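Next up, some structures in structure tokens.
Look at the two complexes coming up: chain A is in both, with chain B in one and chain C in the other.
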Partner chain A sequence: MSSAELGQIAVNALLLSGILALVALGFSLVWGIMNIVNLSHGAFIVLGAYLTFWMYAIWKIDPFVSIPISMAVMFGLGYLIQRSLINQVIRAPLLATFLLTFGLEILIVNLINYFFKADTRSVQPAYSGTGFTLGPVRVPYIRLGALFVSLALVLALGAFLNRSRLGRAIRATGMDLDAARLSGVKVATIYGLTFAIGAALAGAAGSLLSTQVAFDPNLGGPYTQRAFVICVLGGLGNVVNVLIGAALYAVIEVVVGSRLPALSQAVTFGILVLLLIVRPQGIAGKGFY
Partner chain B sequence: MKKSATLLALAFWMAAACALAADTIVFGAAISITGKTAKEGEYTRDGYQFAIDKINELGGIKVGGKTYKLEMKYYDDETKPERTAQLIEKLINEDKVNLILGPYGSSPTGTAAPICERYKIPMVEANGSAESIFSKGYKYTFMILSPAKLYLRGIIDAVRSKDPKVKTVAILGENESFSKEVAGGAAEYAKEKGLSVVYDELYPTNAQDVSALLTAIKGKNADIILGSGHLQDSLLIVKQSKDLGVSPKAMGFSVGPSSPEFRANLGKSADYIFGATQWTEALKYNGDDPWKTPKAFGDAFRAKHPNYKSIPYQVAESAVAVIAYQKAIEKAASLDPTKVRDALAAIDVMTYYGKVKFDSRGVNIYKPMAAEQYQPDGNKYTVWPADVAEKPPLYPMPAWDKR
Partner chain C sequence: MPKPLRFLLFAVILAGLLFLPRVVSPYKLLTYTTVLCLALMAQGWNFIGGYTGYAAFGNVAFFGIGAYTTGLLMLSKWQLPFFAAAPAGALLAAIVATAIGLPVLRLKGHYFAIATLGVAEALRQIAATWDSLTQGATGIDLPVRSDSSFFYYVALALVVVGLVVTALLERSKLGYGWVAIREDQDAARMLGINTTLFKVLAFALSAVFAALAGAIVAYQNIHVAPDDFFKVEYTLRMIIACIIGGTGSVWGPVLGAAVYQLLSTYVWSHFIELHPTVLGLIIIFFIVFLPRGLMDLFRRLARPGPKGRRIWRDLLLANVRASRVQ
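Right, the complex of A and B next:
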């Protein structure tokens, strides 16, 4: 392996881990706080991608500029979905929430399919495909931008959870429901907000992905899978764990992919199984935020 | 009261079903309306339906003095091969369809074939070209297509016609049965023609990042990069090649460029890229079917579906599967599945799609593959075979940063 290739592999892994961290961030939050494995997370990502696509196609809004808009829309939608649907099964066994979010995923995907058809789309601003070179290594602008946005959102969520009153209430609810309730936290509102933030982050991930990969209504499924693996690898409990999980996932996928691409997913999931046996809480995680 | 109403409704329904069964030939299909190949599934369904409507418009199919209308009953297999098998079983057992039209894709076709075999119901399939399906001795499955291993030959030939000294080729394929055979066939053919295959790897289905493979290929300086996967993979490979500055002299794909969405998603980046195709409107066939020529087929289809600008080959091949059934049923003069099967095995007919004739395995090896290329004037042209080409191929492809 030449040093040029090695450098490129390192850059590829770094860029990939950024976007994957954002993909998993909202998923991890909802899982950690509400104990809901949100199988419709991928569908929210797809919605984010479509929002950015339409804003670009109709009003020529730059995909990076449309991120806050797509987050706001998804925040609202996430809140509504939580209060109207998820809240009905919040105390039900895990299987019920699985079924509900799984059903929701199918519903959203089929609605998108119905309204927008199965057409494959992508957002291509003028700077798409351009980049700069560092010696023999090439760094595309869009992926670099996506890395920065992802890191900024990860850090922002971390700061919000640790420093703000609301963030601490969210964490308290995840740690001990009864104690939080006794201290005057309105759990229903907190759950609604947590789910809404998760959906908003999925929306941001979708907006960024729309510039990197061609997507159709079925883009989400594989990303729900990835988010799940990343959460298990890194563990719940802290936004930094999401970064660790995403970095690990990206390194495995890119390094194995550069030599034995056909095995990259097998290796990733192999490590997942191994980790579940030896360290089920993840590399750095605990059971809650 | 309520019960008798229900019974009455049931009686009506059964009467209607019987009336329907009396002079209708029902084709059953499980097609990917959702899932990874949703778009291709849509082409498949539209192609089937287009041919069925056309035959009905012309009066239907005559079998022993009685005229039958055609009808299609299909379900969404969600691009899940195991679902396809269940649905085919349901179509045969519960819906009692007469004959089966194939699903989209080699893997679903592979799971549908043994079911058809078990119930001795023929399946003419137009969208699963992996030959592995046909190595199992099935007697009831027939493939309209040129087999997978031929897919990328046209592109290799087109490039060699412009540059006989072209040396190296890199192949990356999706790890599933059809794409593997395409990649294997391309590697074999390239070696046969004296090229050296410097990279030949598979990536997992649903890959969302192939930068690792492209980085490895970049280090090998391949003259030609060939991809064998599906539409989204081809888009991903082009996008990431551009991202990473991987600029071969020629780039081509088995599936992807034939779809109008290739240009829609890539814009100018689609220029110079080759696509393998089973069929294009530019080909010069003159067949014995309702449309006769590729151009007439294309025009007729566009008239009915104005949203299609160019006609993806999946539409044409799916429609011709229905034509093959029409010919076979007329010749068999029977709707008995086994007799239709025997007529299919003996079929030898020229169509707008090319020659339809099956070898002993049920594979149509009598039709060549063509190659298309996106050119900078914004259009896509058939560039191979040379004798039917609309334009000569453009080669070499300029580097991404020099356009």
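Right, the complex of A and C next:
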């Protein structure tokens, strides 16, 4: 392997890890606070991608400008879903929320399929495909922009959870539901907001992905799986863990993808299962946010 | 229901099912065979997911192993008959389940669920890439057998065996051990239950059932390809069948499989494009309102007490009242 090839692999892994961190961020928050593995996360990502696609197709809104709009829409939808459905069974055994979100995923993906058809789409603004070269290594502008947006959102969520009153209430609810309730936290509202933030972050990830990959209604499933693997690799409990997990996963995916593309998932899951058995709490994880 | 009446009902239903191939068209019979195969898979999942409480999300792996082993042995130079190839597939599935189960069953909750999901996905990729054995993504073609009642009777016999096995195990040391693990694994271990052994047995038994269903479906479809025989949808269907009927009960998986598959066939033939939406709505409805399934609903309805519209509201809202946050 030449040094140029190595450099390109490193840059690709870095750019990939940015978007993957955002993909996993909302998933990790919902899992850490509410102990829900949200299998409809991928469907929210797809919805974000379609929102950006339609805003660009109809009103020519730049995909980066449409991110806040798609986040706002997904925030509202996430809050509604959480309050009306998930909060109703949140203390039931684990299989219940697991299957409930799986049912939601099937439903949302099928409805997208029904209304928007299974055509492959992509968002290509004027600057897509452009980039700059750094020695022998190529850096596309869109992916670099996505990396910055992802990092900004990761840091913003970290600051929100650590510094703001609402963020601390969210963390308190994740640590001890009853204690939080006794301190005057409205738990149902907090759960609703947490899930809504998770959905909004998924929407942002979808908006960014729509400019990087061609997508169809089934884009989400593999990203839900990636989000899970990232959370396991990095561990729950802190936004920094998501960054660590995403970086590790990106390296695995880029290296395995260039060597054994047909067995990429077999290798990735092999690593995952081994890691789970050796260290179930992740590489740097604690239980909570 | 008193016991003699129950046996009588069972005998009547069984006699009706035995005569079914004589009165319905071969196409209709195909639907009923599908119901029986789903019931078989659901019965298997019930051991690990229902009684032992481990949310196995990868049982389609054993379905696929059963299908491929049966097909490959029937096509091999020995040309094994179906009744030798299918048990071989079941045995291989049990061995694989034990090998996978020993490490993976140490995981709990979400981790176990996703790990099993990943194992199934990995097996699909292996089946799609191992060209010299499985002919890759093209798949393999089995010998043709055209009498559709053959598959129906084989599946029916296995489902009846499954019912008997479940009923016997439910009242055995093994069955009680599974339930103890489900309710509190640490307490079960303190009581002297070899939890690893019990869990692996449940997992292997669920693999046997899934593999036998895979063998039947493979022989009936005469073509086995990785994308058809390792799809997550099969896992989902067996879990949904169990949930609809009632997990951790003898009749639940069979009842759930019948309700789900007949409903699904109806939806499929009338609103093909929205089929998954309806599937999603069924899942959501049962998880929110009837997570313990129809068997539990019947049991609660049979209880003495006031009847009328209010009782229905109470029955449907009991779960939400117990598990929501406010």
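By definition in this document, the second predicted complex is superposed on the first by the 288 of 289 C-alpha atoms of A that agree within 3 Å, B and C clash if a C-alpha of one lies under 4 Å from a C-alpha of the other, contacts with A are read in each partner's own complex, and residues count from 1 in each chain.
The rule is simple: a residue touches a chain if its C-beta (ideal position, glycine included) is under 8 Å from a C-beta of that chain, and two chains touch if they have at least 3 such contacts.
Model, not experiment: these values are computed from the prediction.
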item: Clash or fit (per the criteria above) of chain B with chain C on chain A; value: clash
item: Touched partner set for A:A188, first chain B, second chain C, both or neither; value: second
item: Chain B versus chain C as contact partner of A:G103, first or second or both or neither; value: second
item: First, second, both or neither for A:V37, with chain B first and chain C second; value: second
item: First (chain B), second (chain C), both or neither touched by A:R143; value: first
item: Which of chain B and chain C A:R91 touches, first, second, both or neither; value: second
item: Chain B versus chain C as contact partner of A:Q265, first or second or both or neither; value: both
item: Which of chain B and chain C A:L155 touches, first, second, both or neither; value: neither
item: Touched partner set for A:G257, first chain B, second chain C, both or neither; value: first
item: Residue range of chain B overlapping chain C upon superposition on chain A, of 116-124, 152-160 or 188-196; value: 116-124
item: Chain B and chain C contact sites that coincide on chain A, given as residue numbers; value: 109-110, 113, 262, 264-266
item: Chain C partner contacts - residues on chain A that touch it in the complex; value: 31, 37, 85, 87-96, 98-100, 102-111, 113-114, 177, 187-188, 191, 225, 228, 232, 262-266, 268-270, 272-273, 276-277, 280
item: Complex interface listing, chain C residues touching chain A; value: 49, 53, 55, 103-104, 106-107, 109-111, 113-115, 117-119, 121-123, 125-126, 128-129, 236, 239-240, 243, 273-277, 279-284, 287-288, 291, 319-320, 322-326
item: Sites on chain B touched by chain A in the complex; value: 33-36, 38-39, 41-42, 79, 172, 175, 201-204, 206-213, 215-216, 218-219, 231-232, 235-236, 239, 242-245, 259, 261, 264-267, 269, 400
item: Chain A residues within the chain B interface of the complex; value: 2, 4-5, 8-9, 12, 16, 109-110, 113, 117-122, 124, 128-129, 131, 133, 138, 140, 142-143, 212-214, 216-218, 221-223, 253-262, 264-266
